[in-house]
Structures are given as structure tokens and as C-alpha cells.
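Chains here go by letter, A, B, C, D, E, F, G, H, I and J, matching the order in which they are written, and residues are numbered from 1 within each.
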Amino acid sequence: MNKSLMTEKIIAAKESKGFTWETIASEVGVAPVYLASVCLGMNSIVPEKASVLAAFLGLEDDVTKALSEFPPKIWDQTVATDPLIYRFYEIAGVYGESVRQVVQEEFGDGIMSAIDFKLDIEREEDPKGDRVKIILNGKFLPYKAW
Amino acid sequence: MNKSLMTEKIIAAKESKGFTWETIASEVGVAPVYLASVCLGMNSIVPEKASVLAAFLGLEDDVTKALSEFPPKIWDQTVATDPLIYRFYEIAGVYGESVRQVVQEEFGDGIMSAIDFKLDIEREEDPKGDRVKIILNGKFLPYKAW
Amino acid sequence: MNKSLMTEKIIAAKESKGFTWETIASEVGVAPVYLASVCLGMNSIVPEKASVLAAFLGLEDDVTKALSEFPPKIWDQTVATDPLIYRFYEIAGVYGESVRQVVQEEFGDGIMSAIDFKLDIEREEDPKGDRVKIILNGKFLPYKAW
Amino acid sequence: MNKSLMTEKIIAAKESKGFTWETIASEVGVAPVYLASVCLGMNSIVPEKASVLAAFLGLEDDVTKALSEFPPKIWDQTVATDPLIYRFYEIAGVYGESVRQVVQEEFGDGIMSAIDFKLDIEREEDPKGDRVKIILNGKFLPYKAW
Amino acid sequence: MNKSLMTEKIIAAKESKGFTWETIASEVGVAPVYLASVCLGMNSIVPEKASVLAAFLGLEDDVTKALSEFPPKIWDQTVATDPLIYRFYEIAGVYGESVRQVVQEEFGDGIMSAIDFKLDIEREEDPKGDRVKIILNGKFLPYKAW
Amino acid sequence: MNKSLMTEKIIAAKESKGFTWETIASEVGVAPVYLASVCLGMNSIVPEKASVLAAFLGLEDDVTKALSEFPPKIWDQTVATDPLIYRFYEIAGVYGESVRQVVQEEFGDGIMSAIDFKLDIEREEDPKGDRVKIILNGKFLPYKAW
Amino acid sequence: MNKSLMTEKIIAAKESKGFTWETIASEVGVAPVYLASVCLGMNSIVPEKASVLAAFLGLEDDVTKALSEFPPKIWDQTVATDPLIYRFYEIAGVYGESVRQVVQEEFGDGIMSAIDFKLDIEREEDPKGDRVKIILNGKFLPYKAW
Amino acid sequence: MNKSLMTEKIIAAKESKGFTWETIASEVGVAPVYLASVCLGMNSIVPEKASVLAAFLGLEDDVTKALSEFPPKIWDQTVATDPLIYRFYEIAGVYGESVRQVVQEEFGDGIMSAIDFKLDIEREEDPKGDRVKIILNGKFLPYKAW
Amino acid sequence: MNKSLMTEKIIAAKESKGFTWETIASEVGVAPVYLASVCLGMNSIVPEKASVLAAFLGLEDDVTKALSEFPPKIWDQTVATDPLIYRFYEIAGVYGESVRQVVQEEFGDGIMSAIDFKLDIEREEDPKGDRVKIILNGKFLPYKAW
Amino acid sequence: MNKSLMTEKIIAAKESKGFTWETIASEVGVAPVYLASVCLGMNSIVPEKASVLAAFLGLEDDVTKALSEFPPKIWDQTVATDPLIYRFYEIAGVYGESVRQVVQEEFGDGIMSAIDFKLDIEREEDPKGDRVKIILNGKFLPYKAW
């Protein structure tokens, strides 16, 4: 079973059961965004968690297997058009160089890893309208001369 | 004075005085990333803060004026090549659709604003290597039928 | 049922009944452009209105459900080739920077929201040839320092 | 004098005199967005109005001449990055096909001209935050068989 | 019936009957290029002519209906690779700015419409090799201040 | 003297003398569009005509020499943004495939040359608004098996 | 039968019979590269030769017909990735301007036709490794003033 | 002295002396296209030949040095717009896959080198118009398993 | 059987037998990366090895035949998005020009062949985290004047 | 002093002293490719090594300072045209997916770091022509669920 058929089956089961990513994630024991990225075919999880996930959704073994395969990460749009996703691109365009300079003043020459990385989403209540908080958390990787 | 000459003068003064963006930001009373984005010509600040900034760096009035002008926000590279900035693009590619779905399960159909927005950077100490925390915080804007 | 099958069914029903978007929209109680964007899979509507829409077109429950799902907004052509749509792109190219400066002189540094937004179309009669009036109406969102 | 030197001189004069586009436009007798587009080198005006404009800003004859030359309309960014201008692109992406269908249901096969065209900006007061109204107004041009 | 199925049916009928676009066009009473553009899905014709066309090719009513629908005009290749079509692009590249200046010296600031437009093809006999004459004919649209 | 300095000098002389491309072209004995393309650096003319041109504009010998050099033909914008020039691109997109089929039905497999080619512009008077006629005329080049 | 089905049938027949393009080409009486380009759908041949080709491969009449239709020439990759084909692109990049200047010094202002054109491939034996010789042969087309 | 200043000096000397690339090439003892590519900064030659070249053009030692430096080969246009150079691109598009198949039928899996490579230009006289012959000659490089 | 069906069959057999590329490669007698590239349709192997491979996976003769055909090498993404593959692109961007200069200082003007080439992968144990070693090994190809 | 002026001064000093990157690198105590990347403005080195480098080349303190600043890493060409650098791109295209699968079979889901990374170049003597060995060595970074 390839990843795209796997995604289709998971989405169908999720909708018919009325689950949210958050419900499934807390059952499997990972964060919602990570769980969603696995189910959308952008990441893998270890076989044990894959079994829990498949069982919770009432899906068969080949979904379990597909969930633990290592996918190539491919996206089609050079710049995403969806407004919610585009805003990340806009933030990188407007604040990217500023973030680079502030991070490197604090940590030295290097980057924030996107591999040894996690991302959490929180709701911040606000009388003027609630706010979305997205917390990126990646290991600092220093450049080193060789 | 245009924004790019303004940036050049600020960078020169900052380097000769040995200041970091953090030092200047705390003097001016804004966050370091916001301050850097103003000085790099991607945002504006109100004239009062602009005066404080210019005075702190020993710069003249025309810098103050340039700091409070509203800039067009223009970036040249469709996809940034700098590894630190590219990682944001990679995160949007790998996790963007997952974030969209998790945010909209929680908040309904809409987006996180990149205008009514703030971004903070923190260091998270970790024995396996310190971590960079970047907190994005934007107002949720719902789509509404009309 | 995915959004593209939903669109296909709606278009078929609309054509066989000889309805215009305007007719359907006034039945559902939203504006014609918003209604069309929902039916073409670019927006969602609340379940109650979705039921009215599906009933009016004689379509089943799965169309109702698909109409109220939150879609990713994806378009294929970086610059639209259709002459009617391209003209918007041309207007943004010729007048965009002018609009930015005039809006910001009036409102301060910020943007017109494309989310808290509505768009109406009117016919303006003119002996030299009638004119199309398109009224864009979005909340002003100010940039704020943090 | 080429258009880009003309723009530079006009901007300098406008800033030193503290004028807005609106002030200058009402002196010259055209709309603010049109006036700004002329001064930014994207349009021309007839010599009489060009003289009024140059005189009001205290500029010489060669500015007058440059203002009435017919410019090629060239923009560098395939998709504008500035958030205010990008939102037009986003609106064309999200609503463009819907607008095409609604306009053509009303007017027949054809387009809204971007040449026989005008654009006005209004402020709509709103207790939840004022709104920007942008009114596009172009002659309908029908396709005709030949 | 969508436009691409319509095109397929028309091409099949045209080939089985051995008609040229010219033959069909003179039967329908429009120019060959316009007729071809309608059959290839880039334009529409009024229902009466659509009926004549469908009858002449021995096709059913749904083709008639499809012929009179207003299509979005979409092309896939940013720059066409076919040598005959590419030469138009090359002509626009080599002579475009010259044409702009000569047209605007004659007509004033404005453009040649591509909507209120027709295009005819003629053969010019020449002992050194016959020549293709393509006559573009579009209404002049002047820019006007507002 | 390179072509771009040559163009600058010619434009300056043309403006100071108040000539149009048409005036200069009839003096030199070539068509206005060809003449403009030579002066804008996209084509060359034989030395005798170059001398006539330079003399008529009161320019020196190095302009004459530059006019007769063979230029690489380079344009920067993959798709021209200027509305007048873009319309050619739109015509090629909407009618290109139709033109290919009609030309090849008449002439056989081959193309219209853009090298053994001429282009003329005429005004067609029309009470509903004058029309621009652009006549493309190129030798038919047949593909031949080898 | 469209060109892509035609290609599929020809390739299958060619493989099952174990023919090379060279064998087929010499039977049909054209050069191997031209023959291959016809079979891959990039060119046409006259009906008589098409019949010989189809008969030699044991294919039916509709293949004959498809072989003599005039195809649009469409390629998908702006820059080919296949290393053998990319090397042509690299040669045009490294030597293109040099070739232009040397050809035009010899022939005057003009180009080598790619339509009145042939291309042959030869093997040049060499003890250090045999060499591929590709001979491009196109009519010189001069630019002429009009 | 960088390569672009070197090119400028060589072109100026070549023009003032009225030399062609062919004249210079035969003096230096290399082929005209190779010589031109060296002078345009796309290749290098050994110091002895560089001295001969510089002396023949009456240029100084720093030109000699620049001629023998190894340049990065950089071209700006993804697809060249100049018609003469574009025709190579068109040939690669129309015949590239055919050439690949014919070359590999003859030589096995591999490519024609663009490094161990030479390119010559010949005039072929023809009463219907002379022809340009361009002979590409590169070592065949086989792919080998490892 | 085309290459993509071949790949599908090989992947299915590989997964059902639980083989790694390394296991298969050592059976066939080639390196793992080369073997994988053959099975993914980017290279060919000689018929004898193709037979061994097909037999080891329990596949039929048409897979053997497909494995020894010479494929065009086509990839879709101009810049790969997969993080592991993108890092090669990043390395070429950051270190490419440095590598060019260091290689050419050592070897003279020329390149490392990507055809007469091999690539091996090794694990380097390291207490701070094991390291991936990728050894590229290509014949040096010198540029030579002609 | 900005990085590009720094590079210019270093290249000038390197050439006038006749040093290679290897000579300078061994003096500074880093690898040649790393040293070149620092001098070309793509990396930084610690101030002590920067002083050694500047002293060895006879350059002033501001070069030392510039060498230890943290640069944004920016490259202009989406795909490098230089043949030596392009070959890396070609290798990533042809072997990238194979490398991904072989690395992940050995190490699990993750990537080779391009930050905690080194690159060495060796000459491998070979009677058929010496070979370039490029050894990429990066820490394996595993993806981890969170």
C-alpha cells in the first residue's frame, strides 16, 4: 500500500468516526501536528504506534505497515497558495533575515534544526479575538570549521 | 533618506558601538526581532521610538524620519537559500497542511494573521545541545460568509 | 465526497435546472461570488446553509457535508491566463504600489484583510457601454510593534 | 529626464512639503490612485495637468514633460511580496474564477477592461475596526465572433 | 458535456468527414481562426451558430450546448514550445516595444484590444516562396485619467 | 559605442528635435517599426542607411557604426507586463493553436518565418472607435524530411 | 488515433521485431533522427512513406494516417534533465554567443534555420575512445530591413 | 583584471583593428568558436597562446593573465531569447529524445561529452541559399555499473 | 514493459521478501546505490546481471528486458523538496564554487565526470552520533582547446 | 567592510602572492574547501584563525573582522550553470532518491546534516585518467516523533 492510498483510508475512517487529529494523537501518544503529518504521508512512526493508530481507526495491517515506512517528502507548490500556509512564507520573507541575526547573536553561527524538531499549537484567549500560538522548537546546530 | 541607506547607517553604528539587536531593542522597548525588522527596512516604528533608537546609536534626524516611514515589503528570493531561513520554508512544506488542519479543527475555518502578529525567540537549555524556540503568535481571523 | 466531485455534482445540477449563481445565492442567503466560491471548492459554509443549498439543487447529504468542510485553497497557475482574471493581476501590477501608498496615508501602516473580506459585483449602466463595478471590502489590519 | 528620475524628484518634493497624494490629486483634479500611478511612472497625464502638478510641487519643466510621456508598464516581481499588494493576488486566486462566472452570467462572454478603468478607495467606518473599500470600475468588453 | 470532450468529438467528426476549418467556418459564417478557437474550447458562439455547426458535423445537442458556454481561457505553457506559435512570442520580444511606441505615437497612450479583436490569415504569393500574412485588428483603447 | 548608449543618444536627439519614428523612418527609407527596432538595439541596418539616420538626427560616426552592428536580441521579461505588449502574448495563448492549424491546412507542415519577416501598422477608422491593424508578413518555411 | 497512441504502437512493434531506428529509416528512405522524431510524434511524413513505415512494422492504416498529421511540437521540461540532452543545452550556454558572432561574421546578420534543417549523426573512431559527431545543417536566413 | 574587463578590452581592440574572430583564431592557432569563447570569458587558454593573442591585439600582460584563468561558466537566461541561439534550444526540444535514442543504439548507454568536445562551423554553398553547417564532436562517455 | 511498471514490480517483490537494496546489490554484484538507481529506472544494467536480479526477486523475463533498456533520465522537481536530497542542493550552493576552485587548482581546467562516476555510502561511527559518509568518485575531464 | 569587498581583497592578495587555497588553508589549519568558502563569503571563522589568515595575506584588521562575521548564505542561480557545479545537481537528480533509500535502510528515517558537515577532495591516480574523489561527511540526524 502506498502512502497516498494510506492517507485516503485514514481520512475516510477519521471522518466516519468523527475523530479530530487531537483525539487520535492523544490515543497514539504523539502531538497532533506530528500525527497529522504521519497520516498525510510526510512522516513515519514506529510500528508499535502505527498498530495503535490503525486499531483505533479500525484499519488493517497494510495501513500499519505503510505508516512506518520512510517517505520522500514532496510538495508541489513552490510557494503554497493556501492563505494559512502562505502566511508562514510571508513571515519568513518579512522576518527571516531578522530571525537569522537574532538567533546567531544568541547562539553563534548555525541554524535551528528542522529535523531534530517539534511544533506545537496553542490557543491564547484574548478578549479582542483569540490568538493562535505556534511554537517551533529545534536543536541549535552550529557550523564548525574542519 | 531611503530605507537602504538607513539600514547601512544603522548597521555601521551598531557594529562600531558593539551593540546587539537585543541591547538596542530593550533600550527602545520593543522585541529584538521586531526591532531588527525595522532596522532592516521591513517595518516602521512610531516617531517617538524612532528618536530613541537614533539617539541611542548617535544618528541624525533623517534616520529617525526613515525609521517611521511605511515600507513596501520586498524580498528577492522566491525561496530563500540561507539554510536558517530555508528551514522555515521546509517546515511549511512538511508540516503546513498538518498545521492548517489542526488549527482549523480548533478554531474553525480561518487563518493565523501575519499582520496582527508577534514573534519571540527563546533559548531552551538541553544537555544534548541547546534548542531554539521560536514562538509565533497571531490573531485568529475567521472566514465569514457575506 | 471530496470537493472536486462536489463541484461536479453542483455544476451538473445547476445546469440541468438552469439556475444562475445569483438565483442560488439569494435562495441560500449569501452573495453570489461567495456562493460560487463555496461551490467551486474555495470556501465553506455552515451546515444549515449547506442543507438549503443541497435541497434547492436536489442533491444528497454528502454534498451538504462536503460544502461545510474547510478546504485548502489551491490554484495552479502562478499567473492566471484567463483574460478576465488576468486583468486583476494587471491592475495589481499597474496600481498596486499606488494603492498601498494611498491606503497607508489614510489608515496608517497595515493592510486590507483578504479574510475578513467581502466582494460584490454591480452593473453600472452607461450609454457608451455598461461598466462592471467590483467592490472589495476588507477590514483594515494595522501592523503593531511588539 | 527619464521616469525614474522624475519619480525621485516628485517624492522628494512631496516629502519636503509634507503633501499627501490626496492633497496633490485634488489640486490637479484627478483621483489619488491615478495621480500616484502617474508620479510613480506607471501612467501619463496631459501636459496641462502635468504643469499644474509640477508647479504645485515647485518642480521644473522637464518634470512636466516626463509626466506626459507614455511609459511602458513594467513590474519586476511575478507575484508581489508586499502583504498589501499580495492580498489582491490572493483575492484573484481565491475568487477569480467565481468572479468570472458571476460577471459573465450578468454581462455575457467578455471581460472588465483594465484600460477603460478607474479605481477608488474609501474608508468605511466600523466599530469593530474600520474597513478599506476599493471600488474597481471598468467598461465591460464583450467578445464578438468575426 | 465539458469543453474538452466537445473538442474531441468535433475533431473526430471533422477528420472523418475530411473537412478543414475553412470549410466549416464558411458554413457557420465566421472566420476560420475564430471557428477553430471555438472548437478548441477557447471561445464560445451564439446558440444559433452552434446548432449549424453541430448539424454540419452530424453531432448532438450537447455539443451545441457546450459550444455556446463561456470558457475560462487556460493555457499550460508559459512560453509555447511549438515553433509556429513560438515565433509570435519571438516577434513580441524583438518588436514589442517598437510596436508600442509606434502605436502610441499614432493613437496616444493606450493599447490594441485583444477582446474587441479579430485575426485573419491570408496567403501572399511570391516567386521566392509564398508568404503568410496574419492581420491583427483590434479596437484602440485609450487610457484616461479619472 | 555599445547599443544601449547608442539608444540613449538617439532617443535624446529624437526628443529634442521633436521627431516621431515615422518621420525618421520615411527619411531613412524603412518602415517605422523596423526603424524603431534598430534604434532600440534589436536590429541592424546597412551602413549607408545608418549614415542617413545619424545625419538626420545630428549624431556622430560612432552612432553610425553602432547602428550597423549585429546585436544579440535579449529581452528580460519572460512574459512582458506592459499591457500593449502582453496582449500579443494573450493572442498567442488564445488563438495560437488555432492559427497553427489554419496556417498548416493552407500551407502544409511548416511555420511563418520571424526572420524573413515584416510588420506594418495601420489605423482603421471606425465610428465606434478607431482600430489598430497590425499586419504580420513572413515567408512560409516548410518542414522537409531528410 | 492520436500521436501518443501511435508512438506506443510503433515502439511496441519496433521492440518485438528487434529493429533499430536506423533499420527502419533506411527502409523508409529518410535519416534515422528524422524517422525517430516522426515516430515520437514531433514531425510528420508524407502518406507514401507513412504507408511504407506502417507496413514494415506490420501496423494498420490508422497509424499511417497519424504519421502524416502535422503535430504541435510540445516538450515539458524547460531545461531537459537527461544528461545526453542537457549537454546540448550546456553547449548552447557555453558556446552560443560565440557561435552567433562567428556565424554572423561569415554570413551577415541572420540565423541558421531550425525548419529548413537536417541533423546527422556519425561515429568517429578514435583510439582514446570513439567520438560522436552530430552535424547540424540549416539554411542561413538573413534579416532584411523592410 | 577580471574576465569581464578582459572581454571589454579585447572587443575594443578587435573592433579598432577590424579583425574577425577567424583572423585572430588562425593567428593563435585555435578554432574561431573556441577563440571567441575564450575572449568572451567562457573558457581559458594556456599562457603561451594567451601571450600570442594579447600581442596580436596590442594588449598588456594582465589581459594575458586573465585569458589563462579558469572561469566559472555562468549564463543568465534560462532559455536564450536571441533567435540564433534559441534555435539550438528548439533543436534540442524537437530532436533531443530522437538523438538520444539513435546515439545510444549506436554506442550503448552513455552520452556525448560537452567537455572533451569541439565545435566547427562551415558554409555549405547552395543555389537556393547557402547553409550553415555546425559540427559537434564529443567523446562518447559510457555509463558503467560499479 | 515500461520502466515505471518495472519499478513497481521490483518494489513489491523487494518488500514482500523483506530484502534491502544492499542484499540485492551484493547478490547482483554491483553497489547498492547503483542497484537502486537501476531499479528506480534511472540506469540500466547488462542483461546477465538483469537476469540474476529478476531471478533473485522471482520476477519474469519482461522485467529482465526492462532492466537492460537505456532510460531517459527525467526528474520533476527543479529543486528537490525532500530534506535528505535538498541537502545535496544546499551543499552545492554553499560549497560549489569553492569545490570548483579547489578541484581546478589541483587538476587544471575541467570537471569531475558524472557519467564515468561512482558513489558509495559508508557509516562512520562516532560517539556524538554516527555520521554518513558519501564518496563521490568521477574521472577528471579536462577542457582542451581545439 | 562587507563580505564582497573582503572577498575581492583576499582574491587580489592571493593572486599577487601566487598562493593556492591549499597553501593558505594549511597555514590557517582548516581544510581547503572550508577555507575557500570562508574567503568567498559563505562561512565564517573564529577571530584567531581570521587573524592568521589576514596576516598571511598581508591584509588589515577590517578583513579579519569581516572573516569572522556570520553571513547569510545566498546564491543567485536556482540551478548552477557552471558544468563542474551542475554535475552535483545532476548527481542529485539521477541518484538522489537512491541515496535516500540506501541511507535510510542503514540509519533509519532521517538525513545527513549539511551543517555538522565536512567535505574533502582527493586525487585518485588512475592510468586511464586520474579521478576526483569528493568525500561528503555529515552527522546523521534522525527524525523523532514528539
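Definition applied: a contact is a pair of C-beta atoms (placed from the backbone, for glycine too) under 8 Å apart; a residue touches a chain by one contact, two chains touch by 3 or more.
Just so it is clear, the model here is predicted, and its values are computed rather than measured.
Asker: Keeping to the contact definition above, tell me which chains border both subunit D and subunit J.
Answerer: A, B
Asker: Using the contact definition stated above, find the chains touching both subunit E and subunit H.
Answerer: Per touch definition, common to subunit E and subunit H: F, G.
Asker: Does F-G or B-D have the larger number of C-beta pairs in contact?
Answerer: Top pair by contacting C-beta pairs is F-G.
Asker: Based only on mean CA positions, could you tell me how far subunit C sits from subunit F in angstrom?
Answerer: Computed from C-alpha means, the inter-chain centre distance equals 42 Å.
Asker: Cα centroid separation between subunit F and subunit H, in whole Å?
Answerer: 30
Asker: In angstrom, rounded to a whole number, how far apart do the mean CA points of subunit A and subunit J lie?
Answerer: 32
Asker: Can you work out the whole-Å distance between the CA centroids of subunit A and subunit E?
Answerer: 48
Asker: Hunt down the residues of subunit I that sit against at least two other chains at once, touch-wise.
Answerer: 34, 43, 72-73, 75, 79, 81-83, 85, 90, 93-94, 97, 100, 104, 110-111, 113-115, 119, 141
Asker: Between which chains does touch occur?
Answerer: Every pair of chains meeting the touch criterion: A-B, A-C, A-D, A-I, A-J, B-C, B-D, B-I, B-J, C-D, C-E, C-F, D-E, D-F, E-F, E-G, E-H, F-G, F-H, G-H, G-I, G-J, H-I, H-J, I-J.
Asker: If you look only at subunit D, which of its residues touch subunit A in the complex?
Answerer: Per the stated touch rule, the residues are 79, 81, 83, 86, 90, 93-94.
Asker: Touching subunit F in the complex: which residues of subunit D?
Answerer: 72-75, 114-115
Asker: Under the definition above, what is the set of subunit E residues touching subunit G in their complex?
Answerer: Listed in rising order, the residues are 77, 81-83, 85.
Asker: For subunit C, which residues count as touching subunit D in their complex?
Answerer: Contacts found on subunit C: 20-22, 32-34, 36-37, 40, 42-43, 73, 75, 78-80, 82-85, 87-107, 110-114, 117, 119, 121, 123-124, 126, 128-141.
Asker: Please give the residue numbers of subunit G that touch subunit F in the complex, ascending.
Answerer: Result: residues 30-31, 34, 38, 43-46, 49, 70, 72, 97, 100, 104, 108-111, 113, 115-116, 118-119, 141-146 of subunit G touch subunit F.
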